[in-house]
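Structures follow.
One chain, subunit A, appears in both complexes that follow, with subunit B as partner in the first and subunit C in the second.
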Partner chain A sequence: MDEGTLLTELRMAVSDTLTRADGVLALRADHGGAVPHLFKPGNDLSDLITEPRYPMAMILDTLGDAWPEARLGVAARGCDERALIELAKRNQVNLDQVEIIGFACSAEQATECRCAKPYPDSLVVGEAAEGVTEDPRLAELDVMSVEERFAFWSAQYEKCLKCYGCRNFCPVCYCPICALESELWVETGLLAPPFPSYHLVKAMHMVGRCIACRECENTCPADIPLTTVYAALHRDTAELFGYVAGRSVDERPPLLLSLSGTMED
Partner chain B sequence: MEYKNVLTVCPYCGAGCTLYLQVLDGKVIGVLPAKQHVISEGALCIKGWNAAAFVHHEDRVTQPMARRNGRLEPIRWDEALDLVAGRLAETRQAHGPDAIGFLASAKVTNEENYLFQKFARAVIGTNNVDHCARL
Partner chain C sequence: MSHDNDYEPRIVGFLCNWCSYAGADGAGTARIKYPPNMRVVRVMCSGRVSPELVLRTFREGADGVIVLGCHIGDCHYAEGNHRTARRMPMLRNLLGYAGIHPDRLRLDWASAAEGPILAQIVTEFTERVRQLGKLETK
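Then we have the complex of A and B:
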């Protein structure tokens, strides 16, 4: 489906949702780019576009917190839907109040994002393209020795400015008290942050959570291939627990423990 | 129920990254990077990510105040202007123009900074003009 047709159909779908919902979160053309915007019933939708994309689930989380009674629609890609599913599992988003207006990414977009599933389950607009089955960056690292991999990551993480962009832009990072801001885990006053505390603490928190949207990598000013480590963890999580982040609301994250009856006082 | 994003330039360094201020029901709640910006390319530094923190900050001065008896007390604008003008004139008279230093700001407009340094140089007569980013 060409971009023009996709946009026309998406705008029609949003217009339809606006007959039921209080608003729809989608991208609006702005100064040569796009920004997340809440379209309301009666608004002109001619400047509703789909690129460059932003982490919509993160913003929907914010809007849902501000207006818990509101019924909101969201124009969502595959990754947006996956993020919403992970947020819903952790009680951050109430999916009963959300209407997902899913649209498909093109094969080119899927390749650029190295995306395994470039379409949402709630697909309303566009045709599902084939995803990338194996992350090529992970394949490159797999053939390295442990020493080579250590050297690779040491060099990459050394570029870090500690801007917190990867944390700020991650749709599944919602904790108001963040481990990455704790002196205990990430020593302050040092740039680059001491290896490997910042990045591996973040990676640990991405287990069962990262939905491979690539927003962290895209916003990293130092071009660190952050999600390559998360992809390795994703692979291990699937193998060890049969769990895939963002696949279903009913799948319980493997690292969420129920303390009652499992630990001794 | 209003949510929109407003493009602006980061008030900190000279790189001039543009960013979006997230505005929820009339209040600035955070920022988003501007993905289309040719300089920043959708990235921000830690200052940029926190650029909106001062907008609604509780510590922002919202009225003129004077320190009296060790405490800051709100005063009227005309009283404040008289106080400042008087003390600047006194200091300049007693100790010379270079006894006064001027600290400009990245969070005001270019026009306001221009007036500020013009006041320092042409009215007070000192070159002691510096900038908050150098602190």
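Then we have the complex of A and C:
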């Protein structure tokens, strides 16, 4: 399916959803760029677009908080849907109030994002492309010795500007009090943040949560390959706990469970 | 890796109040010898030891970190150590991926009556960290 057809069909699907929803969150063309926008019933959909990729989950979370009784639609890619699932199981969004209008990414986009599942389960528009089964960066990390890994990551993390972009853009980071802003765990006034503080704290918080959307990596001005470690941990949670982040609302985050599988807050 | 004979690993142990700390106390009372490298921090539960705390301990200069709690089923808070049992192996993996040898972090269980076992665990761990040498994070 070419981009034009996908867009036409997506606009039709959004228009259909707007007959029963209060609004649909999607991208809108704006001054040559793109902004997330809440389309309301009766709005002109001709400036609704899909590119570039933009994380929608946190915006939907914010909308849902401000307007809990609203029925909302969202034009979502595979990664957006996975993020919404993670947020839903952590009580951040209420999926009962949300209609996911899923659309597929192209095979080229899947390769670019090293995406294992470039389409949502609620696929409404487009054809599901083949996912990337092996992350080439993870394969490189796997064959390194501990010393080589240390040298590699020291050099990478040394580039960090501590802009917090990786956290701000993460669709599954929502804590109002962030460990990365705590003087106790990440000392202020030092650049780059000394290894192993900032990045390993972030990585540990990504266990059972990272949905491999690569937004942190895309936004990183220092080009740190952040998701390689997250991908390794993702593989471990699958092997150890049979858990895959973003797969199902019913799967509960393994690090929050007791050994008997109960979860108490 | 250090081959300096004078090298003594700096080890920080987080011991839970109810089992392992009492176990260490018992080892002392029974005059069981184990290496003096471990600096003990008493915590109310091994579940209190967050990954952030372990990472900071490494950053502050520890060559090894050992977390000792009650056996599964014996936790004073019923399931506090269950979280430890899940989170520490993941943290070990993470350390490995980032280039810090995972053997620098050990999780084990020792009850209040297991002073000799605790002494053995700490002895083994100290020797392992001695082999790995000083942790350079700079």
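Miscellaneous remarks
Assume the second predicted complex is superposed on the first by the 256 of 265 C-alpha atoms of A that agree within 3 Å, B and C clash if a C-alpha of one lies under 4 Å from a C-alpha of the other, contacts with A are read in each partner's own complex, and residues count from 1 in each chain.
Keep this in mind: contacts are C-beta pairs under 8 Å (C-beta built on N, C-alpha and C of every residue); 3 or more make two chains touch, one makes a residue touch a chain.
Owing to the predicted nature of the structure, the values given are computational and were not obtained by experimental measurement.
Between subunit B and subunit C, more residues of subunit A are touched by C. Applying the stated contact rule after C-alpha superposition, one finds that A:W185 touches subunit C and leaves subunit B untouched. Contacts of A:P254 after superposition on the shared chain: subunit C is touched, whereas subunit B is not.
When the two complexes are overlaid on their common chain A, residue A:A128 makes contact with neither subunit B nor subunit C. After overlaying the two complexes on the shared chain, residue contacts for A:P196 are found with subunit C alone; subunit B is out of touch. Of the two partner chains, neither subunit B nor subunit C is touched by A:A107. By the touch criterion defined above, A:N168 reaches subunit B but does not reach subunit C.
In the superposed model, A:L25 lies in contact with subunit B only, and not with subunit C.
Using the contact criterion defined above for the overlaid structures, shared-chain residue A:A66 touches subunit B, although it does not reach subunit C.
By the touch criterion given at the top, residues 141, 146-154, 179, 182, 184-185, 194-197, 199-201, 203-204, 207, 228-229, 232-233, 236-237, 240-241, 254-260, 262, 264 of subunit A touch subunit C in their complex. Touching subunit A in their complex are the following residues of subunit B: 1-5, 7, 18, 20, 22, 24-25, 29, 32-37, 40, 42-46, 48-49. Listing the residues of subunit A that touch subunit B in their complex gives 22-23, 25, 30-38, 40, 52, 54, 59, 62-63, 66-67, 70, 161-165, 168-169, 218-221. The residues of subunit C lying in touch with subunit A in their complex are 51-52, 55-56, 58-59, 72, 79, 82-83, 85-87, 89-91, 93-101, 137-138.
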